[in-house]
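Right after this note come the structures.
The two complexes that follow have chain A in common; it is paired with chain B in the first and with chain C in the second.
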Partner chain A sequence: MNKFKRIRKFAQRFSWMLLVVWASLTLTFILSRVIPADPARLAAGLQAGPEQVLEVRKALGLDKPLIVQYFTYLKDILRLDLGDSIQTRQPVLDDILRYLPVTLELVFLSFFIYAILGVLFGVLWARFPRNIFSKFLSFSSILGVAMPVFWVGLLLQLIFAAKLQWLPLAGSLQYQDFDITRYTGMGILDSILSWNSEALRAAVLAVILPVTTLVLSQIAIATRLTKSTLEVELRQHYVRTARARGVAEWKITIFDALRNALNPVVTMLGLQFGWLFGGTILVEVVFSWPGLGLYSFNAFRTFDYNPILAITLVVTVTFVVVNELVALLYPLLDPKLRERK
Partner chain B sequence: MIRLRAKISSSRGQSTNISHKVGTWSFSAFVILLLTVIFFPGLFAPYDPLELDVINRLQAPSKAHLFGTDEGGRDIFSRVLYGTKDSVGASMVIVLMASGTGTILGAIAGWFGGRIDFYLMRMVDVFLSFPYLVLAMALAASLGRDMRSAILALILVWWPSYARMVRGQVLSIKERLFIRAARTVGASNFQILFWHIIPHTYRTVGVRASMDVGYVLISLTGLSFLGLGAQNPSPEWGLMISNARSYVLASWWYSVFPGIAILLVVSLFIYAADRFSGAER
Partner chain C sequence: MSTPLLSVKNLEVRYLSATAKAVKGISFEIQPATCLAIVGESGSGKSTTALAIARLLENSANTKASEILFEGKNILNASKKELRKLRRERIGIVFQDPIASWNLSRKVGTQLLDAFDKSERPERREKLIHFMEKVGIDKAAQVIDMYPYMLSGGMMQRAMIAGALLGNPVLLIADEPTSALDVTVQADLLHLLSELRKEQGLAMLLVSHNLAVVSQIAERTVVMYSGEIVEEGPTSTLINSSKHPYTVNLIRSMPAMDQPRKVNLYTNEVRNASSEGCVYANRCPLVIPICNSQKPELQLIGETNVACHRHSEVKKLLEVSNGSITSDS
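Let's look at the complex of A and B:
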């Protein structure tokens, strides 16, 4: 009985995921082929003559009726055929697979750093609200939310690259300078795998500024949420009981209160992980970081047709999948949800 | 003992009340100042924001040019002031439209329930499942790269969260006695919805909207920074920062001042929302 229910619940979630993915596919189709007055004209570029526009129209199948276009579009995506990019003259799928790890390096590093620091700061703030450090947090957390991420990146460049000249201004690890192989596309990992300390140093230096930018722009949200949920938990009766039993204060905070406060924090971190994926576009543009964000920026700027579709798709699917995975995490964190069903 | 405690708490209540009032007043003053700058930037700006003066290009801040000049010799201080309309004004319009649409659709969903509710909320869920920046970028790219499409994109991205919030509120307001009373007197659905229910949501929607002006401003400047919003030579703040990227090594003032403007406006709006929601509790 219970098992059956669980399977049904899973099936429900899964079909919901499929629905959202389908909706995103349809939306991108509408955005790229229905709304623009003449998509072929956009795809061919402003300088293109009438013959070129005609050629592009034929090549992209834009001369067929919309409904036919829609189904060929769905069919191509199911076959993982995302077309070619006009800019790089390569299949979009190859491009994405090439640029994705470069972005993931930024996303993973900054996600772990700010998840850990954010929760830590939140705990300290809730535990010692009158501390000077907490006052500083409450002030800087508003600033942190209010600063546009691209501006933070520029400021860091201004200070640490232009004035102090401690760190490189922009760009990621240059593979040809150090003669190392591209195993994964993630600079730090590749230089460790090739056992090259010089390259590792360069890779770490290159990653510091963009990761700091992402962390600074995200950490305030995690800190504020951890603080406010933990604050509520610390006022609960079970905390008082634990105190009365003489349990050490830090043990109560970490093992009892924090564990109960973690649920909304995890949801938000999951949402932010999805956001990071979109938000890296701005950071990658500022730091000329050759990942998916910069690739999509160039695609959006030049209206490079197929990459735009593919990127919207990839980002949306990742976003949806991550959110669903987070939803699957809840019962692990909160036994009450396991019982209910 | 008990009396003493009561006294302390009452005096504390008063003092927060006073500081709350001061906060509200200074926030209103700030919004009025912003609106004045949006509608009459010429009152404050010493120079024309578009006039080129190439001899004085990239001058450091001085008495003549408070914030320095940009690559065309234009006064950055004047440009920041004139840019308020395209940045903050547009954000206010976006929030107004998004909260209006969201409130009406959310109230309709909550009031009528049933099938309307189901379909509207599924639509909201789908919209909320997208990462907003990507949706906004796709929209801005397909509608053409200008301010109008960026504004439209952000309205589309922002209304669903209002719809969900208002729907939740309407579900609880719906059960209250005065609604049943209005029903008994013979008020129509339309009357109840617009005269009795929606006004009750103004407060929470207002707090949320004040905060969102800040967040929308950040997204809008981000879109302009990527070249998907305002176009040159508009003095929009995100676009100015985007132009300043090429001069980051030599001219710090060019990128710093428009950013400070964004920071100031956003943090004041978020701070105000914090205060208002705190006062409600």
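Let's look at the complex of A and C:
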């Protein structure tokens, strides 16, 4: 009975996830066909005559009715065939598998750093609101949100790469410079797996500026949300009860109040993780980071529609999956939800 | 008289958000192993007093006092570490609203044992189970691993009391421990509290708005009104021969089964409270001009301390009027 219920619940959620993915795919498909640019024209090249363009259009299946194109597209996706990129002349799937890990390196690193630091700063801010550090946070966190990502990136490049020359200006780890194998596509992980300290050093140096840019642009949200929800919790009666029992203040803050305050923070972090995929586009362009962001930037620029559709798929699926994972976290934080399940 | 366990002198509390003081320089003592009750209506400063003694008001209020001596040491000078030790081992506190006073997302036992070092916990856990059984919780060993929201309000409060006893305190501060619970549970818990108190030799500071509750437990009672003590003395004397009009009103306001409900002796006139006069002057049915111009000091009359210019007339005036008094002025 219980097991049956659980399966049904899972099936329900899963079909919702599929529905969301389908809806976003359809929407992107419609947009890509409505935009008054001609992919066949672009694919055929500037020198191509009308017959050649027609030929390309036929080859790409763009001459067929829209509804037919749509179903062919859906069918291909089900077979994991995402089409070819006009630009790189390779299957989009191969491109994505190649560029995704490079982006994930940025996304994972900045996500963990800003999740941990954001919550930590929020806690310090809520606990010691009159501290000078808290005042600095309240000022700088507004600044962090207000400054555009690309501008922060350029500023960091100017200071730490151009002026001080401590860090590389742009680009990720150059595999050919070091004798390492491309296991995953993530520079730091590959250098560790290849046991090459030189490469590791280069990989870490390369990652510092883009990750800092991403963290700076995002951290204020986590900090402010943690601070405000924790403040509310610290005013609750149960905190006073714990104090009355003689529990140490830091223990009350972390185990009692923060735990209860974390629920909205976790939700927000989940959404931001999805957002990071989009957020990396600007950062990757500024830092010439050869990941999915740069790839999609080039695809947008040349109206290479297959990669655009594929990237939409990747981002949507990530969003949906991360949010589902976040939903699984709630019962860990709130035992009441555990019972209801 | 022996040296008091707790002696409060000139306690003053002002909430940072308020203009008036919540507690206006009150003094009282608690003897070892006795119960002192503080009664008064909402806003009289009784809970604030209780919290101020445990120094639980720090952030939201400004607390001042000549001294708060507990076991001969001034609590006001205690460091954070000493305070924690004091709360863990010498003073137990039970709060009013059991649901709000528990963190609903952590297990009962975890919360109650949080204050103790890891090495101490297994031993304390055994002790906690013992106390939980004592306060009438069945299957205490299971309840300890349950979440508070799984328990009823009465059970939560019982567990709270067990937790308060865990450190072997000498003083139990109970801030309206039963007012959030239903009447049958109230009676049980009060009985339990007074039993435990006698058995463990605890002193108790009981905060309540209910004189009936207090009369069953407390040896001495303090009546507070608007942040001041208006009458103080042995509970039975205070109830049977009240000398302050406010105490009289407080007693009359309690419904009794076998009597028609008595009318409160309030005047319907709205008068402004003057800062020089008696705090009760603006509601007092026996008010005379001096009440508005001169503050009555607490003075020992018979067995009770009372702050009223007309304390000698209260009884007479009340006998004359059977139910309602019209004001003189």
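The rule we apply is simple: the second predicted complex is superposed on the first by the 317 of 341 C-alpha atoms of A that agree within 3 Å, B and C clash if a C-alpha of one lies under 4 Å from a C-alpha of the other, contacts with A are read in each partner's own complex, and residues count from 1 in each chain.
Assume a residue touches a chain if its C-beta (ideal position, glycine included) is under 8 Å from a C-beta of that chain, and two chains touch if they have at least 3 such contacts.
This one's a predicted model, so the numbers in the text were calculated from it and none came from an experiment.
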| item | value |
| --- | --- |
| Chain B versus chain C as contact partner of A:Thr28, first or second or both or neither | first |
| First (chain B), second (chain C), both or neither touched by A:Val56 | neither |
| Partner chain in contact with A:Met147 - chain B first, chain C second, else both or neither | first |
| Of chain C and chain B, partner touching more chain A residues | B |
| First (chain B), second (chain C), both or neither touched by A:Val286 | first |
| Chain C-contacting residues of chain A that also contact chain B | none |
| Contact set on chain A toward chain C in their complex | 236-238, 240-249, 251, 255-256, 259-260, 333-336 |
| In the complex with chain A, residue positions of chain C that touch it | 54, 56, 80, 83-89, 93, 95, 97, 100-106, 111-112, 114-115, 147, 149, 160, 163-164, 167 |
| Chain A residues touching chain B - in the complex, by the definition given at the top | 19-20, 23-24, 27-28, 31-32, 35-36, 142-143, 145-151, 154-155, 157-158, 162, 169, 274-275, 277-279, 281-282, 285-286, 296-297, 300-301, 303, 308, 311-312, 315-316, 319-320, 323 |
| Touching residues (chain side chain B, partner chain A) in the complex | 125-126, 129-135, 137-144, 214, 218, 221-222, 225-228, 238, 241-242, 244-245, 248-249, 252, 255-256, 259, 262-263, 266-267, 270-271, 274 |
